[in-house]
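The block underneath contains the structure these notes are about, expressed in structure tokens.
The chains carry the letters A, B and C, assigned in the order they are written, with residues numbered from 1 in each.
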Amino acid sequence: MNRASASKTAAGRFFEDFRVGETIRHATPRTLGGGDASLYSALYGMRFAPQSAETFARAIGYPTSPIDDLLAFHVVFGKTVPDVSLNAIANLGYADCRFLRPVYPGDTLSSVSEVIGLKENSNRQSGVVYVRSRGFNQRDEAVLDYVRWVMVRKRDPDAPAPEAKVPKLPEAVAAADLGSACPPTNRAGFDGALSGSPYRFEDYAVGERIDHVDGVTVEEAEHMIATRLYQNTAKVHFNQHSEGQGRFGRRLIYGGHVISLARALSFNGLANAFHIAAINGGRHVAPLFAGDTVFAWSEIVATAALPERSDVGALRVRTIATKNRPCADFPLRQGEGYEPSIVLDLDYWALAPRQP
Amino acid sequence: MNRASASKTAAGRFFEDFRVGETIRHATPRTLGGGDASLYSALYGMRFAPQSAETFARAIGYPTSPIDDLLAFHVVFGKTVPDVSLNAIANLGYADCRFLRPVYPGDTLSSVSEVIGLKENSNRQSGVVYVRSRGFNQRDEAVLDYVRWVMVRKRDPDAPAPEAKVPKLPEAVAAADLGSACPPTNRAGFDGALSGSPYRFEDYAVGERIDHVDGVTVEEAEHMIATRLYQNTAKVHFNQHSEGQGRFGRRLIYGGHVISLARALSFNGLANAFHIAAINGGRHVAPLFAGDTVFAWSEIVATAALPERSDVGALRVRTIATKNRPCADFPLRQGEGYEPSIVLDLDYWALAPRQP
Amino acid sequence: MNRASASKTAAGRFFEDFRVGETIRHATPRTLGGGDASLYSALYGMRFAPQSAETFARAIGYPTSPIDDLLAFHVVFGKTVPDVSLNAIANLGYADCRFLRPVYPGDTLSSVSEVIGLKENSNRQSGVVYVRSRGFNQRDEAVLDYVRWVMVRKRDPDAPAPEAKVPKLPEAVAAADLGSACPPTNRAGFDGALSGSPYRFEDYAVGERIDHVDGVTVEEAEHMIATRLYQNTAKVHFNQHSEGQGRFGRRLIYGGHVISLARALSFNGLANAFHIAAINGGRHVAPLFAGDTVFAWSEIVATAALPERSDVGALRVRTIATKNRPCADFPLRQGEGYEPSIVLDLDYWALAPRQP
């Protein structure tokens, strides 16, 4: 009887259960609607104009307000958790994340992952799994594509190790690969009074640093509601009974929640960077817990014109988020490592309208 | 002046205000939309595929994603509170709850109750009121029908007792009465990779026990947001000022919140049991409070074919939910009573697709 | 570099940055949908029938359920914060707030403010700014119009003071100016069983006091989710890191959250006062913090027929909200000031159906 039940309950894959080249179709597809957009907005306080107002979206070339890029990312990501990272020890990183098509209310997202790399750790207790995950809409069009790698436990340390394969990943998405999720944009329709800023692509300089000023304190109810909205089931976010006995004694906040908090804060200084076209990489430097207050600052790392597009340009932004420490002095390094308040080091491409 | 105000404020009915055979139309009708479905999903982390994805719903025969059965239940139930249980001492139980028609986004639900039994307690301070409550949609079609009984205070202990009448209630809804809220289901369209499980009706055996593994910690903000979503006004859930001076010193979590938490946890093991067709009975064995972590396990109590339906079969499921205690060893009895961590003992019929 | 970033980050206006007669167009427009209405309902537990049920709304003359008046108010108000009150020391009051047109799901709201008064304080550290703010829908029709005044810091105490101008504000909105946001109402279709009360306009007497009985405890997650839903960015509501070092040691709850809580509580006694036609004035007497339990009572201050309308009448209501103190004895004055538990003193006009 217990065996029967064990077989019906998803135990998640262990390291030795993955094969390079294998494709995993994930449960559960999810239709995103206006209700999800409202809740996402209320959880983070997003103010980017195209996502907030249908009128603004239409004025610049969208058929209606798109679903926030990161909401789509979190939903696609969440589906991969039960198959990929239920037995993960750590999320090590992501790379080469490209937003390929806009997602609109009414679209249904599903996720498929391909195992593209495996490398057992020397202690033979675990290994690193590399997957390329893709999000599709109801027309089977890819809307999102990214690589992540996680350290996953082995069920049996004596299980034979597969041949190590580590995929070669780009340090950043090439500018030529950006922009397919952004429709042709009517620069003249981009009203800076309504969007909250007069600054356009050309107004940002490489090396420029922006303190996003504001801080936001996180509550347990908020990050759990958000993480469930994404149908992300990782137990470290929800189960105080087990986490209370764990390493931190607390529920760990989903890293994607921190990314969305930092993105919302970045409005103050980057209001017209309305679309995330790609995430080059992200590092969760330290855990965040309920009660912490998140601050953020950004640096413009690069700027790039897009091929054959005169409407928008790409800003490569590095956003650093801290906990319980304002960022007026742009904290980053301390000795060999990160300044200790830092929780997130995120590298992404955002699109902003060019000058008319 | 005070009398005028007292007359305008709903004080709720006392035991002697109920008459057997009386019909009570409840306020406030409520249109359920996609926003309610999103919020419900985010509060519990529901992952049942037809409710999550319009594409999946259509592939199996629904015109669109139905509103979660328990969301409809809570909304119908919530309306009855101001008239039936504002002066209740305890919710004693429910029975014979049948889901009669699917509820879709845009439907407006209203509730009507009929008093079907009354029995004064021997101490003459209170009595038990039995009501059959029905939920209707905007076409006056019944979508839900259930009996509950509550212990209600008397305004005046000396008020004469009505003749005792205790309705005869079925121990369980008959299999022949199940399924009218489930449209003809295309078994071939029920994609196990997307739904999260390959197991169908025939794969479950009577006596099988399933540990749902995961635990979820409840926060005050979550259960209050949920209970207000249902327009349930029972003050024990919301008012710390009065509850802090009460029996538990804390706000009590709405029993229906516990049922939805257990249902969401049950996805891990019962992913394809996509529709609750009936609730045979439910017992809130102990109160749940914010900060507690809920776990659950289920037993398949019976299985039943449905008359003239080859598409779906019915699983009679008993789900036990605990607080702050994992369920790997299926806690149930201790001595004469329940194992002390148990908060819910729920008996319901769920439908699952048959093998193609 | 720091200068560049400082220039891109909105620092908010200081007292000397305002000019009488100046018009400020605010970011960010916001499309309100069913998801916002659901979330608003779940945050406060609103039960007014036209806003809750499309069927009820249509039966009385609306084309569909309108967006709650206060949700529209909060959204229009929220947009003014970054431009008007980011450097405010205190919100001093509002007046002459008229609801001009109904707002429906799908409408996009934007805000424009005109500076109508300025008066430097005698200490020259700050001054009072009076603005008339208007909310517009996507057809540029005004939906809402109100005056508020705030005390704003000076950047430089030595900056020259403008000529003092204090606008003359009405003590209350005239009855003749009420009702344009309320369509012709079918009194016969106003079903008192569904709306929750048989009492209509004529049933309320001037001087009548109503204890709204119930209390609701507020959580940090709730008021922050609500305030972000309104895209209100005032940092005192969100940043425990800075507020912990401030005057109260805690995050301050947005005054509008208190108004919505009081309005929701007022359903018990004022269920048929379904539309707020105007807010004559509001005073946040004391701050509210998470963990506090809010109670409320109301007095009917005046009643008024509306010109050429026999369908609805206007009740001028004064609602007093308290924290951690039930209102059965209608607390109001103590010595020269307010009874110390009082947090809100609100004066508004609500419409209720007349007798058929």
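Criterion: a residue touches a chain if its C-beta (ideal position, glycine included) is under 8 Å from a C-beta of that chain, and two chains touch if they have at least 3 such contacts.
Source: prediction; values computed, not measured.
At the interface between chain A and chain C, under half of the residue numbers appear on both sides, which makes the contact a different-residue one. Rotation angle, chain A onto chain B, C-alpha superposition: 120 degrees, expressed as a multiple of 5. For the pair chain A and chain C, the distance between C-alpha centroids works out to 36 Å. Shared interface positions of chain A, defined as residues touching 2 or more other chains, are 33-36, 38-39, 219-222, 225.
Touching chain A in their complex are the following residues of chain C: 1-2, 4-5, 8-10, 25-31, 33-36, 38-39, 82, 106, 108, 110, 138, 219-222, 224-226, 228-229, 231, 233, 235, 238-242, 251. Chain B contributes residues 33-39, 41-45, 47-49, 52-56, 65, 193-197, 199, 203, 205, 207-217, 219-222, 225, 268-271, 291, 293, 295, 324-326 to its touches with chain A in the complex.
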